[in-house]
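Please find the structures below.
Look at the two complexes coming up: chain A is in both, with chain B in one and chain C in the other.
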Partner chain A sequence: MPEHEAEARQGSPAREVGVFLRRRREQIAQRWADEPLFRAVFTVSRDEAVEAGRTVADALAEVATAERVVDPEAAGFTLVREQLARMAASRARAGLGTAQVSREVDALRPPVVDLLVADLADAPAGRLRECESALTVLLGTLRLVVLETALSEGEALIDRQRLQLLEVATPVIKLWDGIVAVPLIGTLDSARSQVVMETLLEAVVDQQARYAILDITGVPTVDSLVAQHLMKTVAAARLMGAECVVSGIRPAIAQTIVHLGLDLGTVVTRASLADALAHALHRLGADIVHASSGGAGSR
Partner chain B sequence: MTDEFSRPPVAPVPVLRLGDVLLVTLQGDLHDSTAEQLQQDITERIGSSGATGVVIDISGIEIVDSFLGRVLAEIAAKAGLLAARTVVAGMRPAVAITLVEMGLTLPGLRTALNTEAALHLLGDPARSGSAVPRPGRR
Partner chain C sequence: MEAAAGVDARLPIRSDLDLVWVRQHVRQAAARLGFGLVEQTKLVTAASELARNTLVYGGGGQLTTTRVAHGRAQGLRLAFSDRGPGIADLEQALRDGYTSGDGLGMGLGGARRLVHQFAIDSTPGVGTTVTVTSWAGRPPRPGHPREEW
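Up next, the complex of A and B:
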């Protein structure tokens, strides 16, 4: 032990912290297991928490030995990144905000610092202060890594959901031979309107549809951008030889469109999907008549 | 059109006559000189045959540029001066999107889903529909 410590003393403070972390790995893991972060995540057994603490301590020791205490991209962290992400995600599920998770990670610091101070009691005061500061920086970096991992998890989730939304939200429905409809739901952005336009036009070709109905009952707001996308879709459908009917423009949206000064004059509009369908059927020469009033049409 | 480009051995686009209608099918790349020749052919054929309609089938065209858009608009305008109506048939979705994104909505042009629909459109201007459609026929 003495020559080991002497060797460590010769190195930089970061190296010495690395040696200290390896030496006290067991005690650190035991103390961390009692901290809320580990206790709340590993509820099954304390041994599991201690094991997780050991892994984190090892990773920190590796980073310290590599003298990269300020670098969240250090190679040592990659080993525990997944575990940290799991822990952060588990805390987030428990309803903790980012700041609270951050505070819990910070709570890992005092026990380790206490151990370090006890270990280096006989070292010169300056040396002790250097080592303590290196350790503090290292744990600060750990905090950053945890938060960064948690955030990137969240971003991945959002990306996944956005893709799902794109796939789910644009069904093209065949209403009649030669008539297709797209019920639009939710806010339209450029990416979504692009998908809507492509799927609608593909359906027009596939089903040889002469009429395409864009129903915007489920669109909460219409701004100039959305209106422009609608116009583009209508123009593209017309170029292909289909006629586009826009239906479901609610009174509030109609007012907005007029207030914005948008000219939808070239677009055929109907109040509801039913009206649009009736219009398309009429143009196809297939009028709907009530059996009681018409009578002659049934034969 | 410029002479420094060696003119590729491209056959002129055939202009077929079906009754009162001229049928033109465009495929692949439309070369500048071919387009020029085609416009001339169409106007001459309208003049000599007295056709009242022109159908341009572009279902074989997958890539479009502003040049093609202009050619279509010009053919329509020239045919219009000779009292013939022009219908563009079978435009692919990608082509339609590209034209719209370029701002070429070709307002004066009639369009149809396919050649058959285009012939119907020209044959019966009052009622542009075909037979009464029934669900589940496909």
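Up next, the complex of A and C:
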């Protein structure tokens, strides 16, 4: 028996588990590679699953050697946290709930316990029990670490989606010489309306637009802040020499604006984008007229 | 008598993005209770105003939603609460055009006009709770649609 193992035998059960995990690293990794948690994540190559198993076994060995089997913050776990997060995320994407992921992590225990029992066959029964319980606690902590990373993965995902919600593109469409339109879609909270205003003003300059149509068909709620943003945008565009027309005010929104007491009196509004375009064309002296009546109207 | 069917949800109001969820939640809850499109839009807009006040002036807080029933009428009650500075002068705060910030000053008064029932409980230095209720279809006591409790 190598010297460090003899030492371990006298040391704490946790240390002995650490030594055991290092010694059996290869067998443990091989057995884990066949468990659903690894098998389902590393579908392309079994070697990858085994390699992942080795890293997790190494991390556990380090945590055990440091006698921190109950501590999810133990340094050893930081080495595999990212890998565990990816594995948990992959299982979550496959539609597994937290409880199922938890069960899959639990399933990693029996193969390791079998190996431990075989290795300590000639150790005193009390010692075996202590080591087994240290191993069980360690794997329980591993489960905690996996679930924690799974949860924070979920939060990170939600944060990303929230950001995307804000960053919905604001396309500016040139409808005619001197007429641009911005179809607004989604929420118009402060951050987005700032983007909208900047995009619109840029387009007014670039396209030398005289008319800018803000279509709010896709804006679900028009409250006092949205109205204020619209009015500010209209005022800013006016300073740049462009008149804004707000279109797409649905009947329910119109009634709500009236009850809210908002006065959009200074803003030109039209029911539909088509009406707004007709209005702008008319003001540009490009009335839409029947072909036979002699083409574009006069200024 | 009016019966509360238990608290359905508590939503945090801590960021601009929480306001998005508040609106979506209220819209869905109202639709499930059979609110028509106009009543839905009104309630969601009132919720948007009140939640933003909770965030901006109350320093954040939460929304508690409760389904209420009165006979056969079904309603949705929304309570926006914060532990902010409170409102010293309610009459002033409710006045159209009054703002202590840089808003239009239409939020509180507008929200009151958009719902069937409206109440403010505010103590300076302690916090503010604004509670509103709207009903699917006709409010339970016709003739007093904007009664205060």
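By our rule, the second predicted complex is superposed on the first by the 174 of 299 C-alpha atoms of A that agree within 3 Å, B and C clash if a C-alpha of one lies under 4 Å from a C-alpha of the other, contacts with A are read in each partner's own complex, and residues count from 1 in each chain.
Operating definition for what follows: a contact is a pair of C-beta atoms (placed from the backbone, for glycine too) under 8 Å apart; a residue touches a chain by one contact, two chains touch by 3 or more.
These numbers were taken from a predicted model, which means no experiment stands behind them.
Asker: Now for A:K232: first (chain B), second (chain C), both, or neither, which partner does it touch?
Answerer: first
Asker: Is A:I253 touching anything from chain B or chain C once the two structures are fitted on A? First, second, both or neither.
Answerer: A:I253 contacts chain C only, not chain B.
Asker: Just chain B (first), just chain C (second), both, or neither: which does A:D34 touch?
Answerer: After superposition on chain A, A:D34 lies in contact with neither partner.
Asker: Could you say whether A:S190 touches chain B, chain C, both of them, or neither, answering first, second, both or neither?
Answerer: second
Asker: Which partner chains sit in contact with A:V222 here, chain B, chain C, both or neither? Use first/second/both/neither.
Answerer: second
Asker: Applying the touch criterion given at the start, work out whether A:L284 contacts chain B, chain C, both or neither, answering first, second, both or neither.
Answerer: first
Asker: Where on chain A do the contacts from chain B and from chain C line up?
Answerer: No residue sits in both footprints.
Asker: Touching residues of chain B toward chain A in the complex: what are they?
Answerer: 88-93, 95-97, 99-101, 105-107, 109, 111-114, 117-118, 127, 129, 131-138
Asker: If you look only at chain A, which of its residues touch chain B in the complex?
Answerer: 176-178, 197-198, 201-202, 204-205, 207-210, 232, 235-242, 266, 283-286
Asker: Taking the touch rule as given, give the residues of chain C at its contact with chain A in the complex, in rising order.
Answerer: Going through chain C, the ones touching chain A are 16-17, 19-20, 23, 27, 37-38, 40-42, 44-45, 48-49, 52, 96, 103-104, 106-107, 109-111, 113-114.
Asker: Going by the contact rule at the top, pick out the chain A residues touching chain C in the complex.
Answerer: Residue list for chain A touching chain C: 162, 165-166, 187, 189-191, 220-225, 227-228, 251-253, 255-256, 259-262.
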